[in-house]
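Both of the next two complexes hold chain A, though its partner changes from chain B to chain C.
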Partner chain A sequence: MNLLRYPLIKTLLKNRWPQFTIMLVALAGFLLAVLSGLFGTPVGSRNFGIVFVWIAWWAILMLVAVPFLGRGWCSICPIPAPGEWLQRGKLLGPGEFNHRGHGENQKKGSVFSVVKPLNRRWPKRFRNIWLQNGTFLLVALFSAVILTQPRVTAIVLAAFLFAAVGISLIFERRAFCRYLCPVGGFIGLYSQLAPVEVRVVDTAVCASHVEKTCYTGSVNGYGCPWDVFPPGMVKNTYCGTCMECLRTCPHDNIAINIRPFGADLSVERNRKLDEAYKAFIMLGAAAVYSTVLLGPWGALKLAAYSVGGLPWLAYAASFLTFILLALPGLFWLTVWAGKKISGSALPVKESFVAQSYALVPLGLAAWAAFSLSFVFANFSYVLAALSDPLGWGWDLIGTAGVTWTPWLAGLTPFLQVGVLVGGFIWAAVTSRKIAAEKADSAQAVKLSTPVIVFCLAFTLTLMGLLVA
Partner chain B sequence: MKRIVVSWAVLGAAALLVAFAPFNLQPVTSNVERIFRVEAGDFAYSPAVLHVNPGDNVTIKLVATDVVHGLYVDGYDLSVIAEPGQPAVLSFTADRPGTFRLRCSVTCGALHPFMTGKLKVGTNLLLWRGIGLALLAFLGILTLRSPGLPIVH
Partner chain C sequence: MNEKSARILAAVFLLGGLAALGISWRLGQADAVILHARMPEAGGWTPADLTVAAGQPLRLRLTSDDVMHGFAIGQSDQPAVDVEPGKVTNLTVIFDKPGTYTFYCTRWCGPNHWRMRGAIIVTGERVEQPVTPPLYAQLGLDIDARREAQTIPAGKPSTQRSAEIFAQFLLPSAQSYLSPGYYRSRSPEQVWQDLRDDPHWVHYSDLQLWDAVAYIWQANTTPEALAEARSLYARNCAACHGESGGGDGVFIGGQVQVQGEAHGFPPGYETVLPTDFTDPRHLLAVSPAHLQGKIIRGGMGTGMPMWGVIFTEEQTWALVSYLYTFQFEEVP
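On to the complex of A and B.
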């Protein structure tokens, strides 16, 4: 079903103002998070930066936005906004036509006229998400500190902002979001599961459209900021749902479709090792965090927190070994076993990459279950932080005195079990479908069974960590 | 076709049974007095996991070893706060079986939100139901046919 058949939705999405307004609000919240981190109380549970970023925003992102809207967050994310405004020379529409859609329309005398973006192409060798995998791991290694110290959270957020601005001034389009943002990487991976997609209605219309304004830009909008060619798009992974193609298509050939959950996982094209590794990194990180942060072992928490010390080095080495070697290695063995059992002629590497997409729903379920453990338990901090964002003794809306009260404490374990079992079923079905793409039915069963056993073992392990 | 429908119905019934049947796997209640001295410090409880049986009368003596710490019991909605040098006591009857998180209820430092322990009361039926459901799903996926999946011969 194409949501753009409804005139109200189409108008709201084509118009720049609703998106711009939400982005401005998000930017204000982002700046407040940075300022409260730098100048507010160092007590994390009383600081707006910690409470809003790691409890409120995280809950909305992992439990609602990503599963149901895919990259919906990216369309209003404030981090790339200042860089994009400088790059474009404008806050809103493109105005005068510029062929590449970026950086060529700074008006003399405007605040943007002093900035001259270089508009370079992102280096070809880095047009993948390996760098994003690296930036995520970098943040993940320091997460015990980032999640709990307001000043560190503020520095990390500010670094994201400055990096995004710097990259926008050197490279064209949203290179930071596409290739570097540690959050954007996993949102892209899991956006394949979302029940909504931006696609062209009829590729034949695109084929006859010489100008390709969805990619090059027009007076109505910018060429795809995510460097995606919409007519060739078969997955959500790199579509930032920014709606520029909707604005630039002169043939009304863009659709926003409601579709079954996880539809992209059945697409054989564009399965890649960097994305496979993203799936391992996310799956492994969910398991490590569930053990270290939510487990009862104080020594592990202190090791993860004592950055630079020997215990932290041991933690970091174990973390990286588990995520980058042990987990993929074990998965490789399961795929190899499936190949041996089934007699499949497919190369192990091809099966390894393809089957790793079964870990996408498993990973999202793992992150949802992990998040449920602490998000609701600590949500009452949000009310206090709203009223006293800097922890300076204010009481703006009368909720500063709200005491810590865990929400849904009795219900959370049931939700976690449901989410984990659901994630396992989804992963298992996906594995079987992927196996069936290039094998007959009996062979597909044998090919996928070891992978399904792997998913079952992971599910039961996480269930043990979170619920036992 | 009929066989497939019957198979799915059996599997669905089994899943409902595993999820909702009122199994009684709990040990016989004995109303034993269980007294624990729990030290709270460095963002951890020691011992971190407390095992009791349903019906036991539990007394937790909370001893804060560095700063003020609290102990909140999920599911029981009970809490106690101890200051260094001033232990506090929490007494209750463990009348709800299952596993419940213990959380520090007083901001005690950077890792405070992650200062947790566990209270295990009898058999964790929820865990066993979860394991049962996952195994049933595994069985179903291996043996049954569903739309979009290859047929199992």
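On to the complex of A and C.
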């Protein structure tokens, strides 16, 4: 079903103002998070930066936005906004024709006129998400400190903002979002599961459209900021749902479809090792976080927290070994076992990459279950932080005195088990479907059985860590 | 037009937000001192010194940057208030008399908790008043000298057990034993020895004389004073000396007992263990004046802090009396 059939939705999405206004609000919140981290109370549970970024935003992102809207967050994310405005020379834009849509609108006397974006192409060798995998791991290694110390959170957020601005001034389009953002990487991976997609209605219309304004830009909008060619798009992974193609398409050939959950997992095209590794990284990180941050082992927490010390180095080495070698290695053996049992002629590497997409729903379920552990338990902090964002003794909305009260404490374990079981079933079905793409039914069962056992073992382990 | 409107909206959001923050901050700063509490290892109180004129209100905004702390002012009737992490507690205090007052943490926040103190300097015209030195100083006691009782009771002395002997204290010859001056200047062992040497008490057994010593102690205190001292001890002393007085409080883990002063150890890791008040050889050898001196001055070279700036004289004497409950059976 194409949501653009509804005039109100179409108008709201085509118009730049709603998106721009929401981005401004998000940017104001983002800057407040940075300021509160730098100048507010260093007590995490009372600091707007920690509470809003790691409890409120994270809850909305992992439990609502990603599962249901895919990259919906990316369409209003404030981090690339200042860089993009500088790159475009406009806040709202475009208003006048620009060939590539970037850096050609600076008017004399404008604050933007002093900025000369270079608009270089992103290097070809880095046109993948390996760097994104690296930036996520870099942040993940320091997560125990980042998640608890407002000042560190502020520095990391500010670093994201400055990096996004810098990258926007050197490279064209949203190179930071597409290739570097540690959050954007996993949102993209899991957006394959979302029940919405931006697609062209009829590729034949695109084929006959010479200007390809969805990619090159027009007076109505910018060429795809995510460097995606909409007519060739078959998966959500790299579509930032920014709606520029909706604005630039002169033939009304863009649709926003409601579709079954996880539809992209069935797409055989464009399965790649960097995305497979993203699935391992996310799966492994969910397990490590559940163990270290939520588990009862104080020595582990202390090691993760003592950045730079020997225990932390041991923790970091173990973390990387588990995520980059042990988990993929075990999965490789699993796929290899499936090949041996089934007698499949498919190369192990091809099956390894293809089957790793079964870990996408498993990973999202793991992150949702992990997030449920602390989101409801700590949500009452949000009320206090709203009323006193910097911890300076304000009481703006009268809720500064709200004491910590865990919400839904009795229900949370049931939700977690439900989410984990659901994720496992989804992963098992996906594995089976992927196996069946190039094998008959009996062979597919054999090919996918070890992978399903792997997913079951992971699910039970996480259940033990989070619920038991 | 659209672009211009967008720029105005962005400016309103960003500049307006920053201005609102700045104004709110200035208003919050206007006439109150923000007093940050951190564990002593991280800086203690900031600022650690406050100045206010006598008779003028000192408005404090107390907040903790790490764990739960408490705020109290020594030798003052001001009740202690909790200083919670990330929350701001408003407190206004007024000092009538000029001088230097000590404020301190009342929550066991860490191994250096007792070091978490600051000063409030109250300015104004001073009226010089004669200062009476504390009793231990008047007596010229060497409170650092090691003392050990040679005579200790076979059981815990009790005023309840030997009721019949206490009729002796009704006699005029025994009245001097009950005076505060005598009680405070003599150790229990010395009192016992005085009784042993007194011909009026010659017929009583050693344990009965120890019961008489307990009687003298109890005659010099009140249930109310002991109750207050019990509370003071629990809040301020038990962290090191232990709730049962055994010198085994929660803050002494990892310490090593050595003779003399501790050198080369970080703060909070003194190697001299807190006194064990349940050891009769120690407590029966020291007089109330000696204990008063230790409490007021603190233990040189040990972790024992000075409490003279915190406790009033009455509180100190009450605490001294309370310490003997670890040796004498308290009879309600």
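Assume the second predicted complex is superposed on the first by the 468 of 468 C-alpha atoms of A that agree within 3 Å, B and C clash if a C-alpha of one lies under 4 Å from a C-alpha of the other, contacts with A are read in each partner's own complex, and residues count from 1 in each chain.
As a convention for this text, a residue touches a chain if its C-beta (ideal position, glycine included) is under 8 Å from a C-beta of that chain, and two chains touch if they have at least 3 such contacts.
Remember, it's a predicted structure, so these values are computed and weren't measured experimentally.
Using the contact criterion defined above for the overlaid structures, shared-chain residue A:T21 touches chain C, although it does not reach chain B. Once chain A of one complex is fitted onto chain A of the other, the partner contacts of A:L324 are absent, as it touches neither chain B nor chain C.
In the overlay built on the shared chain, the residue A:T148 is in contact with chain B alone; chain C does not reach it. Of the two partner chains placed by superposition, only chain B is touched by A:V429; chain C is not. Shared-chain residue A:L420: touches chain B; no touch with chain C.
In the overlay built on the shared chain, the residue A:V115 is in contact with neither chain B nor chain C.
When chain B and chain C are set side by side, the one touching more residues of chain A is B. Judged by the touch definition given at the top, the superposed model places A:L35 against chain C, while chain B stays out of reach.
Shared-chain residue A:R46: touches chain B and chain C both. Chain A residues in contact with chain B (one complex) as well as with chain C (other complex) are 43, 45-46. The touching residues of chain A, when paired with chain B in their complex, are 43-46, 144-145, 148-149, 293-299, 301-302, 305, 373-374, 377-378, 404, 406, 409-410, 412-414, 417, 420-421, 424-425, 428-429, 432-433, 435-436, 440-442, 444-445, 449, 452-453, 456, 459-460, 463-464, 467-468.
Within the complex formed with chain A, the residues of chain B that make contact are 42-46, 48-49, 72, 74-75, 77, 98-99, 101, 103, 105, 107, 110-118, 124, 126-127, 129-131, 133-135, 137-138, 141-142, 146, 148-153. Contacts from chain C toward chain A in the complex involve residues 2-3, 5-7, 9-10, 13-14, 17, 21, 24-25, 28, 34, 61, 63-66, 85-88, 90.
Within the complex formed with chain C, the residues of chain A that make contact are 16-17, 20-21, 24-25, 27-28, 31-32, 35, 41-43, 45-47, 90-93, 95, 388, 390-394, 400.
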